[in-house]
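Below you'll find the structure, written out as structure tokens, and then a few comments.
Just so it is clear, A, B, C and D label the chains in written order, and each chain counts residues from 1 on its own.
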Amino acid sequence: MKMKDTQESEPPVYIELNRVGVKGIKKTIIRKKDGKYNVLLATIDVFIDLPSHKKGIHMSRNLEVTNEIIERSIGPEVEDIELLCIAIAKSCLQKQEATRAEVEMHADYSLPRTTPVSGTPTQEKYELIAKAVAWMEGDEIKVRRSIGAVAEGLTVCPCSIESVQHFVSENFQIERKVVAELPLASHNQRGKGTLIVETDEDERLEANYIVEIIEEAMSSPLYEVLKRKDELKVVVDAHRKPRFVEDVLRMMIKGLTEKYPDLSDNAYITARQENYESIHRHNTYAEKTGFYGEIKEELNGNGEE
Amino acid sequence: MKMKDTQESEPPVYIELNRVGVKGIKKTIIRKKDGKYNVLLATIDVFIDLPSHKKGIHMSRNLEVTNEIIERSIGPEVEDIELLCIAIAKSCLQKQEATRAEVEMHADYSLPRTTPVSGTPTQEKYELIAKAVAWMEGDEIKVRRSIGAVAEGLTVCPCSIESVQHFVSENFQIERKVVAELPLASHNQRGKGTLIVETDEDERLEANYIVEIIEEAMSSPLYEVLKRKDELKVVVDAHRKPRFVEDVLRMMIKGLTEKYPDLSDNAYITARQENYESIHRHNTYAEKTGFYGEIKEELNGNGEE
Amino acid sequence: MKMKDTQESEPPVYIELNRVGVKGIKKTIIRKKDGKYNVLLATIDVFIDLPSHKKGIHMSRNLEVTNEIIERSIGPEVEDIELLCIAIAKSCLQKQEATRAEVEMHADYSLPRTTPVSGTPTQEKYELIAKAVAWMEGDEIKVRRSIGAVAEGLTVCPCSIESVQHFVSENFQIERKVVAELPLASHNQRGKGTLIVETDEDERLEANYIVEIIEEAMSSPLYEVLKRKDELKVVVDAHRKPRFVEDVLRMMIKGLTEKYPDLSDNAYITARQENYESIHRHNTYAEKTGFYGEIKEELNGNGEE
Amino acid sequence: MKMKDTQESEPPVYIELNRVGVKGIKKTIIRKKDGKYNVLLATIDVFIDLPSHKKGIHMSRNLEVTNEIIERSIGPEVEDIELLCIAIAKSCLQKQEATRAEVEMHADYSLPRTTPVSGTPTQEKYELIAKAVAWMEGDEIKVRRSIGAVAEGLTVCPCSIESVQHFVSENFQIERKVVAELPLASHNQRGKGTLIVETDEDERLEANYIVEIIEEAMSSPLYEVLKRKDELKVVVDAHRKPRFVEDVLRMMIKGLTEKYPDLSDNAYITARQENYESIHRHNTYAEKTGFYGEIKEELNGNGEE
């Protein structure tokens, strides 16, 4: 007697589902970049769509496809993890008779940095985000790929600095020009920036640059260790580059357009900044999403005025 | 000397931002429903959009508006927390010169239940989700409101039950008809269902019904305490109502259409189910989003075939 | 036919277990203090010990006892939630034939505050911790009760301020005395302080005072909303009261001895401070645990030198 | 002009602190075991004690010591990560003039497994816990080291199975002997087991064995992918090995004594089991802590009766 294929049987109700699959698969991935190895502990979600006449998807197939592609890639190593996402998404389309597949990976990774004064080498930690959406257009498979990162940094409040400058001018006998030069107090805090760029399959961006763009947009990067003279420079420099969440977001987008001036207009940008306010229990937040073409027009159009 | 209004000053780059505001405001809200009081500990996010020529928003205004509306409401009490969201969103539009405002609340709340055999009264906990988006169309304020809930339940795997039935038929001298009646083993687990309905300002749904629809879609509700005879009934009944994540999702939507047959076609549905698989480290997941009109057509069209 | 009592049957191995029970029970509790109502959403853990000859505990009894005592208390209302913990622990001892029972509650709660300059009324959120351990000594039930709180605040780094003062003295023509008065830059961040006091059953401390002691030990409290002049005062004052994690911890303990000079020597103190460093990805941390008698001796002994 | 050493200056209050340091340092560590490489993404906490006359510790030294020892170890690779903890703890003692140092690491890691029927190779994920405490006894450094793991597994409720057997006997014409053999329904769920063993510096245990002991104590291990015949076997076998949290805990300790019969009496055991109950919102929990000598006596003493 053969077992019934439960997943292929009649569903209780005829409704197509947008995304069905598995969340939170954990995989170790070896990434080789510029001759250096980087080990990523990735968390992966794999979804496909489900037509109205099928009861369920074969969840284990999503997992087998993911395993197979990641195992196979460990031999020749991966350079860009987006390529893994694309391969898994395409393979899911074929093996599951789905019309759309979506694969998303999040992974911690580290980059070498140097502290600003003592030149101490450090390993700073970031989060990498990669994604692929593949779908059928007739007999053809179409793909959109995303690469992005999350980086933490220091943000100094511009409004608070101006208040303190005002306070010092009113209460101390110091010239206004000097006051403007002094490293005066403010509230400052850890902020978390996210920048993700979605493109067609044939365009690619480099995750390490995205990390740099995010860090540069804040008042200062963070460091795993700072000697005292490093700490002084970080604090003084950051207070000369104060940034609201709104500023950080805009500088992120400006940084992106400077690094990637030729990115296609149909690239889609997602940028977010969240600050863990040191004087409040809540966080401040800013978000910008939109097509690159429109964003570039905004930048140019307004910049020229 | 007057302090400079930093937020109104020139931004570093001219880009409009979609959402700027505060996340994670915590507020205690008194909700009065059918003569009974319910205390909600809500976490609230309040965002507005920011035109390209302004450096920042006045974050504290979002907070003042939120405080003022919640304090004021504590007198005459709130019946629906969506109304609070709408009031905050509208007030933000007016006080911040924004063109769009978005307010989202999440709150734990409890409903009285009774265990199935011993009839023990219990207090079960759910999460309430309310949201309002308000925007300007000419001089007029338009609003979309959302109400939803997150409820946990028990889900029994249908595929695993069929495998075990097959196994029992092959290995025991029991009639197939009897096998089909037996409460046989399967893997089962906590699942988490989410159902959110967005409508125009003048339509309303009842959160308590949404909780019931989600719970009914799973194999069984959860209980804070079960006597042994209750536990037996829960286990036996749940194994007679096995559900994949896909099934749960479809039954949720079916439940919604039965409870609210007259909901407008432009209502927008978001439904999600996630199961914490007891035999895997990862979760299974299904999602459906779409306009109510389209979903009802799907249900009817296919059902008639 | 009677069902077998599985929990009372033979265990697979004869080992006594220290703590067996349920974690994460959620309950709404009405607390009445000084004529005012406060609603707490509590998360409760209830454990008993299990002798080596019994297979399991009756988990549902822990739950029934908890429900019963909390329901009953909603009539006459609770003043101190430690009393609820004590009642549940004692009742577990009786109903489960255990020799030791332990009950712990965590709850969010809010206190009214006023901003420092504009006098705006706010509702600040804290976490309340209550605990009871009850055990048998012969035929007598002995109890130790704990009350504590978690409060967030602003912490300004003293070392960073001194570096910046040094930097300003070297680079600007400003008198050292004036430099010492200026509100100069530093890194600052949200910190989280915890203070818990365990005593015999007949001693009691007031949770609201514990919150005040923790807040006072940091550079400044946090506020849910601050007008610009409030923010200025918070920033300037906090930079005149810089605190390491170590300082915060010591000031917490000093604050406790000043508020409760007559607390018994056998009170046991747990104090912790964790700062979310704004210039690093990691946190700094300090902890002190010990009997009150010893701590007071340390304070006196060294203070006199 | 020299900068003042803030940390060495007078504290505000003379109280010794038990633990001062940094939490949440993230480090990538290469572990070489039996000729195979394993990459661990570790989260590390490093604490020392602080005498009453010093204002603060030099936080950056903890970090420098940690960095230096981990970097150095990447050359000759680490076999046991406890050795890293010990090296960091000892080095902290020397560089910080502390009398006690404590280092704790948590890391995700994976082990190869094979599914029970189809023999599919999988990579299962676990958490590794390593710890070292080093302190001065006169001029000598003493060390206690800990190794442990967290593993998830499937747990089937024994009480529920017995209820269902009883129900089947009463309602179906099936012999009791056959009923006892049938794979009948129960509630089952993911459980999380933790087992940590602390010993003197010269004793060592193997983390991979600890993982096996924890998994074996539950009803079944979890698998990242299961073909249908694998799933059937996992479900049927698990229902023949039902386990309460209490059972799991006792079987863990029994497993440890069988694998390590010669472990010293002064080894200290910490064992915990938490089940995410599929029929409740709360979890069940059991814990056992104690010296190995006492635990072995309990096992023998009672076993002989």
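One rule holds for everything that comes next: a contact is a pair of C-beta atoms (placed from the backbone, for glycine too) under 8 Å apart; a residue touches a chain by one contact, two chains touch by 3 or more.
Keep in mind that this is a model prediction, so the values were computed, not measured.
Between A-C and B-C, more C-beta contact pairs join the chains of A-C. Its C-alpha atoms superposed on subunit D, subunit A is turned by 180 degrees; the angle is given in steps of 5.
With centres taken as mean Cα positions, subunit C sits 32 Å from subunit B. Averaged C-alpha coordinates put the centre of subunit A at 36 Å from the centre of subunit C. Counting partners per residue, subunit A has 3, 25-26, 63, 125, 159, 163, 224, 226, 228, 281-282 as the residues that reach two or more other chains.
Contacts between chains leave no pair untouched here, as each chain touches all the others.
Contact residues on subunit D toward subunit B in their complex (touch as defined above): 124-125, 152, 154, 159-160, 163-164, 167-168, 172, 174, 178, 181-190, 220, 222-224, 226, 228, 231-232, 234-236, 239, 276-282. Chain contact summary for the complex, subunit B toward subunit A: residues 1, 3-4, 6-7, 11-26, 45, 47, 50, 52-53, 55-57, 59, 63, 158-159, 162-163, 166, 169-170, 244-247, 249-251, 253-254, 274, 281-290, 295, 298-299, 301-303.
Those residues of subunit C whose C-beta lies close enough to touch subunit B in the complex are 3, 25-28, 39, 41, 60, 63-64, 67, 108, 110, 122-123, 125, 224-228.
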